[in-house]
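In what comes next, subunit A is part of two complexes: it sits with subunit B in the first one and with subunit C in the second one.
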Partner chain A sequence: MRTALIVAALAVLLALPSVMKPYYVTLVLPALAYAIALLGFNLLFGYAGLLSFGHALFVAIGAYGAAVLSSRMGVKSFEVILLVSAAAAVSAAIPVALLAVRYVKIFFGILTLAFSMLFHSFLFKFYDLTGGDTGIRVLRPSLLGRDFASLDKTAFLVGPFYYYCVALLVVLGFLMWRLVHSPFGLHLVASRENRRKSEYLGVRVRFIRLIAFAISAFYGAVGGVILAINTGQADPELAYWTHSGELVFMTVLGGFASFMGPLVGAFTFVFLKSELMGATQYWRFWLGAILLAIVVLFPRGLVGLGQELWARARKQ
Partner chain B sequence: MTAFFDILIGGVFHAAVLFLVAAGLQLVFGVQKIVNLACGSFYALGAYFGISAVNWAIAAGMPPALFLPVLVASGLVVGMIGPAIEVLLLTVYERDEAFQLLLTFALVLMFQDILRFFWGANPQQLGDLVMSYGKVAVGAVQVPTYNVLVIGASIAIAAGLGAFLKRTRFGRILRATAENREMALALGVNVRWIYASVFTLGTMLGTVGGALVVPTAAASLDMPVELVVEAFAVVVIGGLGSMRGALAGALIVGLMRAAAISWYAELEILSIYVVVIAVLVFRPAGLFGKPAE
Partner chain C sequence: MSALIETLDVRKAYGEFVALDGVSLAIAEGEIVSIVGPNGAGKTTLVNLLTGLAAPTSGSVRFKGEDIAGVGPVVLARRGMARAFQLVHVFPSLTVAQTIAVAVVSRTGKAMSLLAAIGSDAAVNARVREVAEIFGLERKLHTQSRFLSQGEKKLLDIASAFALAPEVILLDEPTSGVSSADKHGLMRNVIDSARKAGVKSIILVEHDMDLVAEYSSRIVALQSGRVLADRAPADFFADPQIVAAIVGKRVGRLAKDAH
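Showing the complex of A and B:
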């Protein structure tokens, strides 16, 4: 059942550029980016039980990494940009994690929020270095050494870049799937369920939380790079706390209790937001109302709702 | 010397307003164990509503010099939305704090557009009514009397709140509920009623804070999300749930911001977060908080 759904979803993703208008395909790109970032986010939130309310920090590091490398240092290779930006995010994540893993619950959230706001005010205020509120432009990268000079910007994004990102999602998704089902993933879940008991059983709680944090930063930065290349711009709003709030929103919308939940959430959120923005200037109100309804009525998110309906249908 | 007094007065004024919002946050966290991201939205609501209230009152023939009581009253009136919002929180009291945070985040999003709907996207201002109170000399500088009045009002509210929590019967019941909810329930405390009144009181502190600040600064749609992070910094520095901590934290954040603005504006917010992180590293529970776990 699950395999069938995944194969179907993948087939749809691959077929999209040939059946959909380019505008909608450019919407799928941020959804792919968020899906990758949320895979990492949910390792912390869903599996380790740590709610980061500053995870946009790593998305922003990825985006600014892409910006600085492509337009300041002339790096063209997408692979180099990905690896360097993700490495930057991981090296920023380690000191943050060393502090943050001492805490759980609300303190963990506040501390991560403080770090992301620290980065935001650095980006915002140090105009000469970071371009201030306008940010830095992100130039089109080359993929696997080919620069696709014959394609215009949109054709590049909805063509080769799109398929590249789908492939990235599949690879990173598979790795994450293996990770959460490995002993490491089980240790995380055990430490979430009962910290003391798992420590008695030999789980090094702080250490595995630190590793999980670093991995989630890696995924966040990859998402940030894709996001920035798609918009062609890295700006400080990416690090703002409301953006972190959106990441949590997407995860809960899809359902953090399941592996696929955040992916469903990312796609639903991106399309919902763009449709609402087109339909009304008061889209924030409706987004808030939807979030409210999810929190109050469907805490297990869309995937949870789907599972419930499926179970009910099978009973009858 | 002038620079010193500028920083002092500017910082203490900002601290006075921040304290009100942070006190509301502390009260709600202390009793209901909910971190309310929407406290900034209440603050902005108070600010916008205050402008409208003063404009109506002046159009109705009120002498402009009476704007201060009108602002306070408008803050108290609009704070009455508290109980309606508390009903929503009912659904998450017993649940994971992720849901509590998200619920208040949903409120932030919704309030953003409610404010836009009623007052539009452009910043709103209250003219130069502040000057109708004149200026007073504080040390080497002249400051608007209004700012001094607000500082005084905030000190009075702090003292009143302290006395209310420490000395009245309701205050004792409230602290007992914060300490141990089950025991309070078992002893016959009407916890529903306590929660609703605490949340309303917290809301009012936010709306009055917003109303008081609006004669000196424009009300804008960025206000709610910007204030939240400052209020967060205040409560983390002071210690979650502690009133004395809110006071100390507000003074630290207010003065530091004022000092940073006059010396090196780039560091305005940055310096605040550095202090927040330093506090969390060296005194995880904050200056006045009880250690967690």
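Showing the complex of A and C:
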């Protein structure tokens, strides 16, 4: 059943550019970016039980990595941009994690929030370095050494870049799936469920949390690179706390208790937001109302709701 | 007989309050040592020192000749000491098999296998099944811990500690929450399993004098942070003063009857 759903979803993703208007396909790109970022976010939140309120930090590092590398240093290769930006995010994550993994719950959340706001202030204030509130442009990269010069910007984004991002989601999704079902993943869940007991069973809680944090930063940065290339811009709003809030929102919307939840959440959120923004200026109100309804009525998110409906349908 | 665990003139103070004062004891291979004493005598503090959770204010705590003052549970688990808890400690959403596997993974140093599939690791699964069978949990392997009965949770707590293949296991009131009809069954099961699993010594912290009298090879009685007595059970229960000081007269008589 699960495999069938995944294959179907993948088929839809691959078919989209040929059946949908380019505008909608450019909406799928941020959804792909968020899906990748949330795979990492939920390793911390869903599996390790650590809720980061500042995870946009790593998305922003990815985006600014892409901006600096492409417009300031003339790097064209998407692969190099991905790896260098993700490596930067991991190096930033390690000192943050060394401090943050000592804490859980609200203290962990506030610490991560504080770090992301520090980065936001840095981006905002150091105008000469970061472009301040206007940010830095992100130039179109080459993919596997090919720069697709004959395609215009939109054709590039909804064409080769789109398929590349789908492939990234598949590969990174598969790796994350393996990770959460590995001995490491088991220790992570054990440390979430009962820290003291897990330590007595030999689980190195702080160390595995640190590793999980670094991996989630890697995924966050990959998402950030894709977002920035899609919009052609890296700006400080990416590091702002409301952006971190959106990451939490998407995860809760889809359901953090399941592997697929954040992916469903990312796609639903991006489309919901774009539809609401087009329909009403009070879109923030409606997004809030929807989140409220999800938390109260379906605490396991859309995936949890789907599972429940499926179980009920099978009974009848 | 060489001492597996020893404390030398250990003192532990929390500010003004002295929880332990000049405690020296040695536990050798093959012993089952009970630590008894009224509430506030320092049992919990001693257990925390023995399991490396806290460091003594002065004096030393050694396990296999090495200082373990405050090294923490993770290091001790690797060196061969396990602990089961007074209150049941399990992972509510993990299954019985997964819970035991947590310890097997630590034991085999596989915790950093980031991409290996735990579910299809034959060596881990075989060991998990073996441990589950020792404790009669093999039919519940795929049940989540939160759906187990209180007694089964207790067994699982101890079983997961056994899965570390420890040399020493510290049992903190292993039969609390278990019906009095079942407690002897559980204790015999635990001690037999321990022998089979190669556990060399057992430290038992227990209020139930019935169990202490039946299963200990030696009893260490604490009172107000000092060792009041360190004797074989027969000597211990033959001294009415000590028994009265530790457990009160009524239970003292009970334990004597048991002999």
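One rule holds in what follows: the second predicted complex is superposed on the first by the 316 of 316 C-alpha atoms of A that agree within 3 Å, B and C clash if a C-alpha of one lies under 4 Å from a C-alpha of the other, contacts with A are read in each partner's own complex, and residues count from 1 in each chain.
The working rule: a residue touches a chain if its C-beta (ideal position, glycine included) is under 8 Å from a C-beta of that chain, and two chains touch if they have at least 3 such contacts.
Model, not experiment: these values are computed from the prediction.
Q: Using the superposition on chain A described above, determine whether A:10 touches subunit B (first), subunit C (second), both, or neither.
A: neither
Q: In the overlay, answer first, second, both or neither for which of subunit B and subunit C A:248 touches.
A: Touch status of A:248: first partner only.
Q: Touching A:199, do we find subunit B (first), subunit C (second), both, or neither?
A: After superposition on chain A, A:199 lies in contact with subunit C alone.
Q: Which holds for A:80: it touches subunit B only (first), subunit C only (second), both, or neither?
A: Neither partner.
Q: A:53 contacts which: subunit B (first), subunit C (second), both, neither?
A: Once the two structures are laid over each other on A, A:53 reaches subunit B alone.
Q: Once chain A of both complexes is superposed, is A:113 in touch with subunit B (first), subunit C (second), both, or neither?
A: first
Q: Who contacts more of subunit A, subunit B or subunit C?
A: On the superposition, B touches more of the residues of subunit A.
Q: Per the contact definition in the header, classify A:187: touching subunit B only (first), subunit C only (second), both, or neither.
A: So A:187 only meets subunit C here.
Q: Which subunit A residues lie in the overlap of the subunit B contact set and the subunit C contact set?
A: Shared contact residues on subunit A: none.
Q: Sort out for me which residues of subunit C touch subunit A in the complex.
A: 51, 72-74, 77-78, 82-83, 85, 89-94, 98-99, 101-103, 105-107, 110-119, 121, 124, 157, 160-161, 163-164
Q: Under the stated contact criterion, what part of subunit A meets subunit B in this complex?
A: Spelled out, the residues of subunit A in touch with subunit B are 45, 51, 53, 99, 102-103, 105-107, 109-111, 113-115, 117-118, 121-122, 124-126, 240-242, 245, 248-249, 252, 256, 281-285, 287-289, 291-292, 295-296, 299.
Q: Okay, in this complex, where on subunit A does subunit C touch?
A: 175, 178-179, 181-187, 189-190, 193-194, 196-205, 208, 211
Q: Which part of subunit B faces subunit A closely enough to touch in the complex?
A: 35, 37, 88, 91-92, 95, 97-99, 101-103, 105-114, 116-117, 225, 228-229, 232-233, 236, 240, 265-270, 273-274, 276-277, 280-281, 284, 292
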